[in-house]
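In what follows, subunit A forms one complex with subunit B and a second complex with subunit C.
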Partner chain A sequence: MLKKGIIFSLDAILAVIIAGVMILACFFYLSHTSTNLYQNQDIYKISLDSLTILEKDNTLKTAVETNSTTTLQLFLDSLPAQLCGDITVYTSSSSAVLSAQKTGCTAKNESTIAVRSFVANNFNVYYARMEAWYK
Partner chain B sequence: MKKKKKGILFTITTIFLLLAVFLLSSAYLTRNKELQRTATISLAGDRLRYIEDDITDNIYSDLVSINLESISRGTYVTVVFNHSNLSSSINHRQLMQDYETFIEGAYSALNNINIDLIGFNNSFSLSPYNSTFTIDSNMIYVYTENPDNIDRIQLIMDIDEATLNTSDGQPSDTGDIEVEIEMTHSGGEFNPSADLDPTVNNDPFYVNFEAGSRIEINFGLYNSQSGVLRVNASGLKADISHLEFRYNLLSEKVIIKGGNISIIYPVENITKKTEIIIAEE
Partner chain C sequence: MDKAQIFSLDVVIAIGIFILILLSAGLIWNYSREKIAIEETRNDMEIIARNALSVLIETKGNPNNWTSYAFNESNIKSLGLADEFLEVDSTKISSLSSADYSTAKTILGILGPNYEFGLDIDIWNGTDYTANYTIGLPPNATASEVVKAERFVLLDNSWTKATMKLWKSCEDATC
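Then we have the complex of A and B:
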């Protein structure tokens, strides 16, 4: 009777170990999936689109030629509420000339960076760098 | 005995169920990794297209100051450009070279990709007529491989020169390609035209000004090549509002090409090589 009890206990412990290992393996696998990549891709694509719009409608060019960040600030402030971003304009030799950040955005979470070049001020080449992140 | 069999059956069932959950989660992870890779490659594709557009879009109009106004097809194929900055104070060749240096250096590093601009300079070609346009400071050269395809050239320009004109001249008729000039300057207008032979070194259309500046337009033989159009704004600035080439009809569509671009995205080892199409019919 005593032997039967021990065998039963061993059987139960073995079952618990096997079940535990399998459940842990499942958790291990599931913990390796991530949605961050998709989120980062989304904000990166938003940055690409934003810079494309700003270049093609001459906002970047006008901002440099008038030395004003007003239109850039307006654009950034009109981004979706959950999205933060800043735009800095550099000369081709990487000297910053203009900078604007969305109002109410300070701490940066994981961010993405996009760059777009443009010509302004009589044939001078500049580039705009947009960093975007979720609030 | 019956209980023991039931126990074994229960254990086996449980193991199978757990195994199923294990395999399911494993498959989920594999699928998730595949999706991530697909998404990464898809983003790389979007990124390469974005970079190509960023580098090539409007760059010829921004740096070489030439804009295509229209390509029309009827009895003839007519291509019209405008050019706002024909002046010796602008070095178009250097501007394009500086841009190439920026793109292949700092811009490539910022984007973590390798970009190579091939044959990227102050020239572009127009097919199927094989006309090559070069804008070089105060000069425009247009070489056409087979000038017999040209029917007419028209140039409308405004000369930014404060002093009055002192003399002007034009070539006499030598052939059958019509070259028509409409020029406005401080002293009035100069609207000559002539039917020229592309294989002959024809006299120029020209206007001289008091300050010693001169605008000169040649069409014909130049550097052993026939059918070359040359516009030379010497010591003044010319705004060409209309540069029209009327060609004989060919069935192929008109494509205006600059150089070539090669973009290598090292992370996924993806390469994109393409011609810079400035415009097409």
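Then we have the complex of A and C:
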């Protein structure tokens, strides 16, 4: 009696496995591409805008001159819910004089930093540094 | 004389596997093509929304006193709501608010297929940002893509949030 057999050699098995792995890798790679290209740009712009308006409406100047972070804290707490941030004010010799952080924000994810200089206390130069990150 | 089988079982299996791989490759091709098309549209919308909002809040417009002119593309080269960088002017906002939507869209460079925009200006009242101006069209229920860009400005020396929503209206009856 003639017996029938299937020739399925090791190299054929390897070829099928490699093809399967490549197809799965393609699906995995395509489904994990990033769609949030602008997130870091966005928080950087928001930080820079924040420092600009706080400087223009004299909030930074007043905060330094009264040694109070109340208004800075109010502004930080008004930031969008998904956004965290802190503001630190330095003298021209890089010593911190004021600092405030949005309430409820602790752990920092990937963050961006914006810096703006301003004048307060008889034309002394100060630097405001805002770090922002997503919750 | 014995007859031979030209189309053996191993050839059938081989063709089956080949077709399976070919179908998978076709599926990946189609999936990646659709994904790239969606991402390209989204990227285009993200760039347009951010550029339009930047032009509005960072520049005065061209001409500076565009509110004095008839609102059309030949008189106004560029729209800007600012008096100074990030200090917007309520007169310019009111003028844009009452201007023709299609003309404003064209001058802002929002020219993509079925792209619409809505601009919200919300002022800080001491406890929250409240809506003061809504310009353009807010996204409707059939919007297929919505992109949002948010910036902070000063309006009458008050903290103000400017939000540009760029959205794509539905192209056919199926969505």
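Observations, loosely collected:
One rule holds in what follows: the second predicted complex is superposed on the first by the 98 of 135 C-alpha atoms of A that agree within 3 Å, B and C clash if a C-alpha of one lies under 4 Å from a C-alpha of the other, contacts with A are read in each partner's own complex, and residues count from 1 in each chain.
In this section, a contact is a pair of C-beta atoms (placed from the backbone, for glycine too) under 8 Å apart; a residue touches a chain by one contact, two chains touch by 3 or more.
Given the structure is predicted, the values throughout are model-derived calculations rather than measurements.
In the superposed pair of complexes, A:Val16 makes contact with subunit C only, with no contact to subunit B.
Look at A:Leu30: by the touch rule set out above, it reaches both subunit B and subunit C.
By the touch criterion defined above, A:Pro80 reaches subunit C but does not reach subunit B.
In the superposition on chain A, contact of A:Asp57 is made with subunit C only, not with subunit B.
When the two complexes are overlaid on their common chain A, residue A:Tyr38 makes contact with subunit B and with subunit C alike. In the superposition on the C-alpha atoms of chain A, the part of subunit A touched by subunit B in one complex and by subunit C in the other spans residues 19, 23, 26, 30, 33, 37-38, 41, 45, 52, 56. Within the complex, the subunit B residues that touch subunit A are 7, 11, 14-15, 18-19, 21-22, 25-26, 28-29, 32, 36, 39-40, 43, 46-47, 50, 53-55, 57-59, 62-63, 90, 95, 98-99, 102-103, 106-107, 110-111. Note for the complex: subunit A touches subunit B at residues 11, 15, 18-19, 22-23, 25-26, 29-30, 32-34, 37-38, 41, 44-45, 48, 52, 55-56, 92-94, 115-117, 119, 123, 125, 127, 129.
Residue ranges on subunit C touching subunit A, taken from their complex, read 9-10, 13-14, 17, 21, 24-25, 28, 31-32, 35, 39, 42-43, 46, 50, 84-87, 124, 128-129, 149-154, 157, 159. Here subunit A touches subunit C in the complex through residues 4, 6-8, 12, 16, 19, 23, 26-27, 30, 33, 35, 37-38, 41-42, 45-46, 49-50, 52-53, 56-57, 75, 78, 80, going by the rule given at the top.
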